Every structure is written in C-alpha cells, then in structure tokens.
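Chain naming follows the written order as A, B, C and D, and within any one chain the residues start at number 1.
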Amino acid sequence: MVVLADEKRYVLVQGITGREGSFHTKLMIEYGTKIVAGVTPGKGGLNVHGVPVYDSVENALKKHPEINSSIVFVPAPFTLDAIYEAIDNGIKLIVVITEHIPLHDEVKLVHYAKKHSVIIIGPNTPGIISPSICKIGIMPASAFSKGSIGIISRSGTLTYEVAYSLAKVGFGQTTAIGIGGDPITGLTLLEAAELFEEDEETKAIVVIGEIGGVMEEELAKAYARGKISKPIVTYIAGKYAPPGKRMGHAGAIITMGMGSYESKIRAFKNAGVAIAKTPYEIPKLVSKVLKNAH
Amino acid sequence: MEILEYEAKNIFKDYNIPIPAGFTISSIDKLNREKADSLGFPLIVKAQVPVSGRGKAGGILKVNNFKELKLITSKLLKCTIKGIPVRTVLIEKFLKVIKEYYVAFTIDYSLRNIVFLASTEGGVDIEETIKEKPYLLHKVPIDPYIGLKDYVVRNIAYKLGIPKNNVRSFTFIARAMFNMFREFDAELVEVNPLALTDKGLYALDVRIIIDENSLFRQKDKLLKYISREMFRGKTAKEEKAKTLGLSYVELDGNVGVIGNGAGLTMATMDLIGLHGMRPACFLDIGGGASKARVKEAVNILLENPKVKAVFINIFGGITRCDEVALGIVEALKQAKLVKLLVVRIKGTRDKEARLILKQNNVEAYEDIEGALEKLRSLMVI
Amino acid sequence: MEILEYEAKNIFKDYNIPIPAGFTISSIDKLNREKADSLGFPLIVKAQVPVSGRGKAGGILKVNNFKELKLITSKLLKCTIKGIPVRTVLIEKFLKVIKEYYVAFTIDYSLRNIVFLASTEGGVDIEETIKEKPYLLHKVPIDPYIGLKDYVVRNIAYKLGIPKNNVRSFTFIARAMFNMFREFDAELVEVNPLALTDKGLYALDVRIIIDENSLFRQKDKLLKYISREMFRGKTAKEEKAKTLGLSYVELDGNVGVIGNGAGLTMATMDLIGLHGMRPACFLDIGGGASKARVKEAVNILLENPKVKAVFINIFGGITRCDEVALGIVEALKQAKLVKLLVVRIKGTRDKEARLILKQNNVEAYEDIEGALEKLRSLMVI
Amino acid sequence: MVVLADEKRYVLVQGITGREGSFHTKLMIEYGTKIVAGVTPGKGGLNVHGVPVYDSVENALKKHPEINSSIVFVPAPFTLDAIYEAIDNGIKLIVVITEHIPLHDEVKLVHYAKKHSVIIIGPNTPGIISPSICKIGIMPASAFSKGSIGIISRSGTLTYEVAYSLAKVGFGQTTAIGIGGDPITGLTLLEAAELFEEDEETKAIVVIGEIGGVMEEELAKAYARGKISKPIVTYIAGKYAPPGKRMGHAGAIITMGMGSYESKIRAFKNAGVAIAKTPYEIPKLVSKVLKNAH
C-alpha cells in the first residue's frame, strides 16, 4: 500500500490553463495519474492535453462525479477561494502547489479544512508521489522509485535529492509527501508520519525538516511517546543558515527557544531518532535503522 | 517586511490609539526649536531603524533641553545601528510611566492560528522575563473567522491588573490593534511597552511586520504610510537580489553558496560548514530559473568582495541544468573579479550542463562529495 | 430605515460600483442647462421618495430635451407620490439596456441567515416573474462568519448567463454590495435592474434599507450620505411619535388604538376590526411606560382629526396601570378636541387605575368584552 | 414535568447591575428562581439583592460551577459579546431579554448558538416561566398559574393576557415560553412546540403568533405531518394591523406570499389546528380541544 497518492485518486486540476498548471497536467498524465478534469473560471469548454476544462468545480463534478482530489495551481491572490470551492464541493484531498499565499489566508484555509475534515498538502509544496502509481505534484518523476521508504519533507529540491540518493543504494519509496515550505501547512510532519505509521508497506520514514516552526519538535515528542513506532531517519536543514527574520519579541516569546536547529536536533536525539548530518548521509542511516529493526 | 517605528505609529494614530506627541526629522538643519519646545522637555530621541535591541545599542536617548536634543539628533543621524544607517529620528514627548505592559497580535505557527499575547511585564527585558516566568504570559488563540471578542480582551485586562478605569481604553486599544493586524495582513502588531501614565494608556513603542505575500492587496494602503521603496533588503546587494526575485542573505564567511530551493541551499551551506569552511551568503535561485536569472545570481556573488569562492549546487527538476550552466558561463564572461568556482549539477539535462561548463573551464561534478573535495582543496591553497 | 435612491447611489459610488452619471436638484430654479447638456439627452428624471412602485405611479420619466426636462422636473417637485411629497429629483443619463438582472443581499427570516439573491429577470415585474417561475431565482445562504466567497458569485454569474467578459465586473459588484450590506448593517441592498449596457454593467436603480437597531454604530457613517433628519416617520405625527420612542402607524379608520406591547396592540386592532369598526392607527406605548409618555401618546391621537374614538387596552405587567391612568387624565385636561374614549385596564395596580379614571369621568373596564361593547354603542350613535 | 425552566436551573444574570437587571433579579429571587451570580464588567465585588457580582462569566463560574443558565439584560450594543461569553463558558440555556439588537448580530448569535448546541430564548423576550417552579424572565408572575397548558408566544403582553384569561377558567401552564418578538429568534415556534410535545405533563399547546416571518407556517406544516401530535390552539395577531415595512422586492421574493395573516391562518386551517379569532377566545378553544382529546 501507499499513502494518499493511490490508484483510486481521480484528480481535478484547479488553474489548469495557466503555464504551470497546463505543463504539469501533461507530466502527471504521462506518469499515469488519473487527471479527469480541470477548472479555470471563464475558460470552461477548453481542453488541456485532452482534459476537459470547466468554469467551476461544481460543473466539473457534475460531469465527473468520481473526482475526489484536487491539485491547485491558482495564483496566490485567488488560492483561498479555489480551496473553498473544492472543499464546499466535497473534495477531501487538496494539493496546493501555489506559493506566496498570504499568511492570513493560510490560517483560514487550515481552519476551514480542519472543520470539514479535508487534507491539505501544502501550500508551497511539490506535492505527493507514490512511485509508478500516482503523482499529484510537480516533482521530477525520474528521481523517485518504488520501494518501502516513506519520505516527508518541508523542502522540494531536497526531496528529489534525497529520493535520488536513496535510489542509488536501492531504496525506493512507498510515497513521498512534500508537506510544503511555508510556516503554516495543511498537513504537519507528525500527521504525515502517522499516515506512514499505518501503512503496512512502509518500513522506515525519512523526515527532511528545516529550521523554524516547531513541527519537528512535535514529531520527535510523538516518537518518544511511541505514537510513531517505525524507524525514522531525519535531516534538519539550516545548521549554518542565516537567522530568520525576528518577529519582534512575540516570536521569541511564543516559541520559547524552540524552532532553532539545536532545539530540533535535541528533540530528535532525546527521542532516539537517527539524525543525518547531511542529506547525503540519509541512505546509510536508512540501511542501518532497517537492519536494526530486523 | 518590518516598517519603521514612526510609520507604524502613524498607522496607530489613524486607528485612534494614543501615542506620545512627536515629530520626525531626517536632516539636522530641519530641527526646529519651537516644535521641540511646544512638546516640552524632556524629550525622547529615537533612531528609526528596523532592528531589535535598538535601545540597548544606543539608539534611544532622553534629552533635557534643546542643546542636548540638537547634539543627540545630529549624532544619531550620522551613525549606523547594527549595520543600518539612521536616516530618520523620531522625537517624542517623554511620558512618566507608572507601569509597562506587553501586548501583541501575531500568528503562532504551532497553533497555526492568530494569537493575542499580553503580559504585565512589558519593556525591553520581556523575553527573559517570560522565559523565567512563563505564567506571566497570557496567550489566547483567536478564531480567524470570528475574530476578537471584547470579553476576551476584558478578561485579559483583569488578569493583567489593568486599573478598572483604564479597562475600556485597553479594550479599545487591543481591538484597534487586532483590526490593524487583519486589515494590514500583518505578521505582527506589537506594543512594548503599552505604558500606563497619569493620562491613561499610551503605546510607547510599537512594531508592525507586514506579510510580504500580501503586498498585492496591501501595497496601495501601505504607500500612504511608507514613503520609501518597499522592497528593500538590509544591504544594497540584498535589495538588488530582492528585485530580481532571488532569496539572498549575506553572512560573514567567504564561500558564496548558490542552490535551487531553500532546502537544498540550506543543506549546501550545512555541508560547507561541516567541512570547516564558512558560507558568505545564502542565495536561492528558486524553481525553474532562467539563464538570465542565474546569470544575475552568479553576478551578485562575483561582485561581492567578501566572497573568495563560489559553490553552486543544483538538483534539476523543474530547473533545467543546461539553462543554469549557460547562466553561469555568461556571468563569468562579464566578471571583473576572478573567484574560485565549483559547480555540482545533477538532474534534468545534467550531462549537457556539465559539458557546457567543462568547455568553459568550470569544474563541474555530478556528485556532491567530489565537488566538496575540490572546494576544500581550493580553499586550503 | 430606507434611504433615498440618490443617497444609496452615493454609497454605491463610494464602493466603486458603476451607476449612471447624474445629479440631483431640489428646486426648479437650480436646474442648469449646461449640466443637463453635459450628460447628454435623453435623460431620466426620478422622483426621490422612499416607496415602492414609484415608476408605475409616474415618478420616473424619460425626457428628450431641456424643455421637457424643465417641465417634468417642475411637475415632479410639486407633486406627491403615495402620500409623500417629492422634495428632490434625480436626473440621470439614459443608458441603453441590453439585458436586466436582479441582485440583492438581504436577511432571510426563515433561514435566519444572510442570503444572496439573483435572477435573470430584473426590472419592475420581478416579483410576479419569480412567483410564476420560481426557478429563475437563485438564492444562496451566506455564512455570517465566513462571508461571501468569490466562486459562489461566479457560479451565479454563469447561471445567469452573464457574458464572460462581464463576469469579473459582476463579481466585483456583488462583493462590493455584500461589503456594503455588512458595513452599513443593512437589511437590504438591492439592485434592480442591474443593467447590461454596451459599456458594461450598471446599477440603474438601487435600494438600501438600514437596520434602525444598528444606528448606534452606523449613525456617523450614514450622516455622510444623508443630509436630512434620520429619524423620520412618513407623516409629521409618525415623526413625532418616533422621537418619543412610541411605535405609531396611521391607518384609514376612525378608532384610535393604544396598547402596551406590539402583540396586545395588534390584538386590540383585530378586536376593533372583528366588531365591525376600523382602526385609525396603531400606537404601542411599549413596556413600563411613564405617565408623561402615556400623556404624549394619548395626545397624538386626540389631536388627530381622523380619530373619532380612542380605545385604550392595557395589561399591566411591568407597566403600572395607575401610571397609565394618570397619563390619560393629564392628556384629557389639555385636549382641545373632544373625542369618545373607552379604556380597558387590567394587571398591576389596576384597581387604583380604574378609580383614578372613574373620578375623571373616563369609562374604564376590567374586561375587554365590556369595553368593546361600550365602544360599539358609542360608535353607533 | 415542565420544559426548560425547571428546578435544576442555576441562573447567572448578565448585566445584573443595570436598572432592569437589578429590578428583575429581585423579582426572580422572590419567585424562587435560583439566581446564583451576576456579571457586570468592572463591577465585580458588588452585591445585588444578595447576589454576588463578578467581572466576567469565567470568574462567576469559578465560584459557582453549578451555573447552567443565563439571563441577559446587557444593552444591545454589547449583547452579542455577552452571549459569546456565556456560550464560550459552556452555558447551554440563555434567555436574552435585551431588545433592539442589530439584525446582523442576531444572525451571528443564532449561528454561533446552533454551532455550540446552545438554546437561546429571545432576543426581545419576556423570558420563560414554569409557574411556581422557576421564572427566568420579566413577566408579571401573578398572571401565571400551574397547570397543563404550554404557551409559546412571540408577544410579551399578549402572553400575560392569555395566561390570565386561561387562569380565569381554571387552566394553568406547565411552562410559558416567550420566544421573542424579533424577526429572528434563537428558539423557533416549532422548536418550542417540540419541547412541549416531549413533556408528559403538557396536554395542549397555545401558540400566540403574529404576522411577519414564516415560523407559524413551519409549525403548521410540522403539525400536519404529525410531528406535533398534541392539540394546538393558536391566535395570530395582526389581521387588521398596518402592513409591515416593505423590504424592497427581496422581501416579497423570499417569502413568496408567506408571512401574511391569511397565509398563516390558511396553513393552520389546513393542518387542522384550532384557531382563535381573538386572544380572549383561546380558553374556550382550549377546553374544546382537551375535551376532544379525551
């Protein structure tokens, strides 16, 4: 089995007529993803790489009631509305590629999705891919291969790099989930790890974190409590990174010292998680944790 | 995007939040005795720079007469605080403070929600205070759809021990700050301290950070308050990079790092650091960068005198490696300064890319280890 | 509280919704030929009265030249429409209409929610059209906390068949109307018709009704648009009653009815009607009315020449019956016109009340039946 | 049994220090209602007719965790906030006496209450009374007496009048519910009738309606469908009333002719409900429907 991106995904592309939307629709179709319809307001009736375009999600669903997922390429000023439209029409998995969405919109979309039990991947994500099964995203397919590792990442390029270096030593992925690079994301690292925890086929989880936010610390705590029992290998980018912008006193007051590289490493170390110093160290550690698990 | 204190205070004024009377000047010649006298001494002189710890760095001073005011103002207008030149000073009436509070609205990434923060212990030491006595911080999440409820603010006012006849003013100020927070798409609206004086509550120091992703809907409104270019980095180069859509931050090492994607760029810096070298900067060319953009990115580093070597790490996905290679080559052709350069390039059309680079005498590796080894050997010489 | 068309249109203008160019005048002497010419004939002349069916009552006319304009305007400014004198006319450019739509935001009492209404069949006959073809009405409830979503408006635009290049304008107009609806605490913001012209969509006729209960927070903003007294009834007496906090409406019978509480007052009118008489008015003195308030209420009826008899029905709860009785007696002492008067009074301190009334020669009953019997016998004479 | 206003109500008075709040607190205590605390922001520490006053609902509940109901006398501009405060603190029955609340606030409070499963009586209501058990309201106690009739009313004074005229012929009430005179109310006529339907002691329901709105029609329909099986006697005020204000075309379009006197009478007649022509006819009809029910 895989998580989220399985063979039962019937995908709607919101913003299909845009440059990115149209380009990646083609690549997803080539990968084998079931792209059944697209939406661009005012462009209903067109056809993008063989995919019919509708003016509204409602109209797309009327013709394609099997749609259960959506990928969003809509420009940032209109993304929140596009997500409302998808959620109000009953779509329960939404991959939001769009970057630069205003933070206040992100707070709202996370709130709204939670209230309606909808999974949002992203925003600012490369998407999700289950190699040779389904890709709802923009990642280069060639970097990924089928296997038993689950990847969860806050970074796009780094995910490709890690998938590629895992492949070199023979490890493929059940699924790779880009949770998105923004400070607020629909699915958190922990929630993604919980999905892999329940997936029989996934033997180990690779977590690519970053400085900032407290998602890594939350995951580490859950691991320490035994909520996640599968072996995790993690890499946290940003040990030598420039300090992020200071959010007045509030930033420091809220995070209470969490969010730094040291805080994250400490949390994972305390939880007994294998920590890679560089992304290129990950394959070696994966071999090790899998050996120990036997 | 952090705006300056006096700009933020102009917004506060428009939301009818009490702030000390004052004025700004940007040139010592414009300092006017009557204006200062009409406020009444003592006055506070505050350097307008968007950095923290300004007070401790000598950017905020009290003056007792016009002579002192002139001296201090002229000094401040000539100096630099934490690397930022002081272009404007704010001169304000000094208010006698009975008690200082801390009040802020921001977004808590962990809760993924708006939070209202307040504490009895306002002032410059707020962070240490809260670290030692976390119970002094009141943090209330706010439903983004329902907004701030008055009773929530009142309850905080009671918990802070705000005197009863100031509770209404406190509620008004908090509501106004929240409206501002939403209407300006702010990441932070902070008052520290919110001072209790014998004339009521005053926002003595304020800070507003605007979400840059919201500028498409905030720009027009902001231009009423911000006279300068809005898209500025802290240094000229950062500013240039910003206008080019590049993410660039200067650091104090000597290896310039370029990557595609924030994560990979950070990871590359980590590698540099782990190998005993120090990054001079962080430069992310983003996804799907064009030849021209890459050229500009490389140029910025080549022109930076602190940079001894440039290390480029690309994993092509949407980004085409050959496009990157062509950009590098073009930049090198125009370069005035000669730098060490090592490139690791992998992914979409990487063979073509390495060929282009080799033909132009640029060291290009497929594997990161080889590239790093080469960099190290070059840096040792 | 319904505001006049031109006042509402000024609000629309401030929300950047396209309306026809035009101007108002309140005196025929002020009619300026250049101003009219600059708009270009034909023009539409519209009497500004806050009533429905103005067009069918001859309050909206098309004129082809200045002579006609002057004639019509001067006629309208002298006339009365549905009992309301025309104090102002709005003169607007005539726009050639390709298609008329209906768009409104209001509160649906059944859904207890805000609704967005739209139909392809705008114009004066909208009500009959929707009655015959209810499927032509699009009604969408709007969550008061989440507000209007753009895609909802777009979907309506597609269903209405708005031409594709006007959808953006439609969405803009609907959003602006919704913002107005909320920011003005409106009970209704209606555009009928929203006209498609060769220059795009225009709000040809608009209507805004403000919730009077919101005036405590809307008054200041409204005063920018409304130059007259805001608290007006349709007649002078209704206006007076309103300022006294009384709920008063004039009808065309000859029995003046006073009660405490809207329900009891209505029930009393029903009794009058059922007994073959006709109420001259509805006057609710509200709960816990003072002597002075009762006196003013009775006075209003005594001074109304249409009122032959006054019937007062009080059930005292919070309202003290003796207080009511004293108010009645005081009013009678000052009365210039002599009217028939019957009082039924029951509840808190009713015995004292009936005694006071009897001593002043006012018929006072405990039971409604007796009081009605008496009234009937008096009216027959 | 009675509905809503039973002996287990521990009542908080919001706006207790105001003229009306203080006056009716006294009357409610005299009636036997368990008024345990009051709230007026800024007046914490005072005492009104022996009832302790707090600055906030939170503080009142800290000292009096038994509070499960609230009566609101807070002025209209602040009522919505007072209701938020009560609901957020877990109070599930709120009687809102305040009149002249802005309509937009009423839409919000109804929405918010529903989301939190809170019963709102009012706004603009005289409250609820179960004679000789509990009164959460401002009605004159003397008009009401214990018995087996449930009264639901949109009008204050008319309720007292009807209760009084029922008493004259020996009928008392289980409970009288003033649902409030505003076009939007927290509890509807139908919802109130459903409460009486489930109350064993209530033998018949008196419904005092008014022109405007469509609550009477909704109740009539539910009665016709058998959702309410107890006999109902209704009086609709306003046959000769002046027409209400016209809400543009929208009013007519939405209601589609409902809301008028004729529409309501027709609906009740079709449902087979006993209709009183005047409020004074109600006792006679109650006798009749009760006789028929036997």
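The definition used in the following text is that contacts are C-beta pairs under 8 Å (C-beta built on N, C-alpha and C of every residue); 3 or more make two chains touch, one makes a residue touch a chain.
The structure displayed is predicted, hence computed values, not measured ones.
Set side by side, B-D and A-B show the greater C-beta contact count at A-B. Put simply, the chain farthest from chain A by mean CA position is C. Measuring from the averaged C-alpha position of chain A to that of chain C gives a distance of 56 Å. One simple way to say how far apart two chains are is to compare their mean CA positions; for chain A and chain B this gives 28 Å. Contact with two or more other chains is made by residues 145-146 of chain C.
Shown here, the protein chains touch in an arrangement that is not a line, ring, star or fully connected set. By the contact rule set out at the top, the touching chain pairs are A-B, A-C, B-C, B-D, C-D. Taken in their complex, chain A has these residues touching chain C: 41-42, 44, 55-59, 78, 81-82, 84-85, 88, 112. Across the interface of their complex, chain C is touched by residues 145-146 of chain B. Interface residues of chain B, counted against chain D in their complex, comprise 146, 149-151, 154-155, 158, 164, 167. Residue ranges on chain D touching chain C, taken from their complex, read 76-77, 100-104, 106-108, 110-111, 126, 138-140, 142-143, 153-161, 164, 181, 183-184, 208, 210-215, 218, 235, 237-242, 245-259, 277-280. The touching residues of chain B, counted against chain A in their complex, run 2, 52, 102, 104, 106-110, 112-115, 117, 126-127, 130-131, 134, 137, 139, 143-145, 182, 185, 187-188, 190, 192, 207, 209, 211, 213-214, 216-217, 249-251, 259-264, 266-267, 269-274, 278-279, 282, 287, 315-319, 346-348, 368-369.
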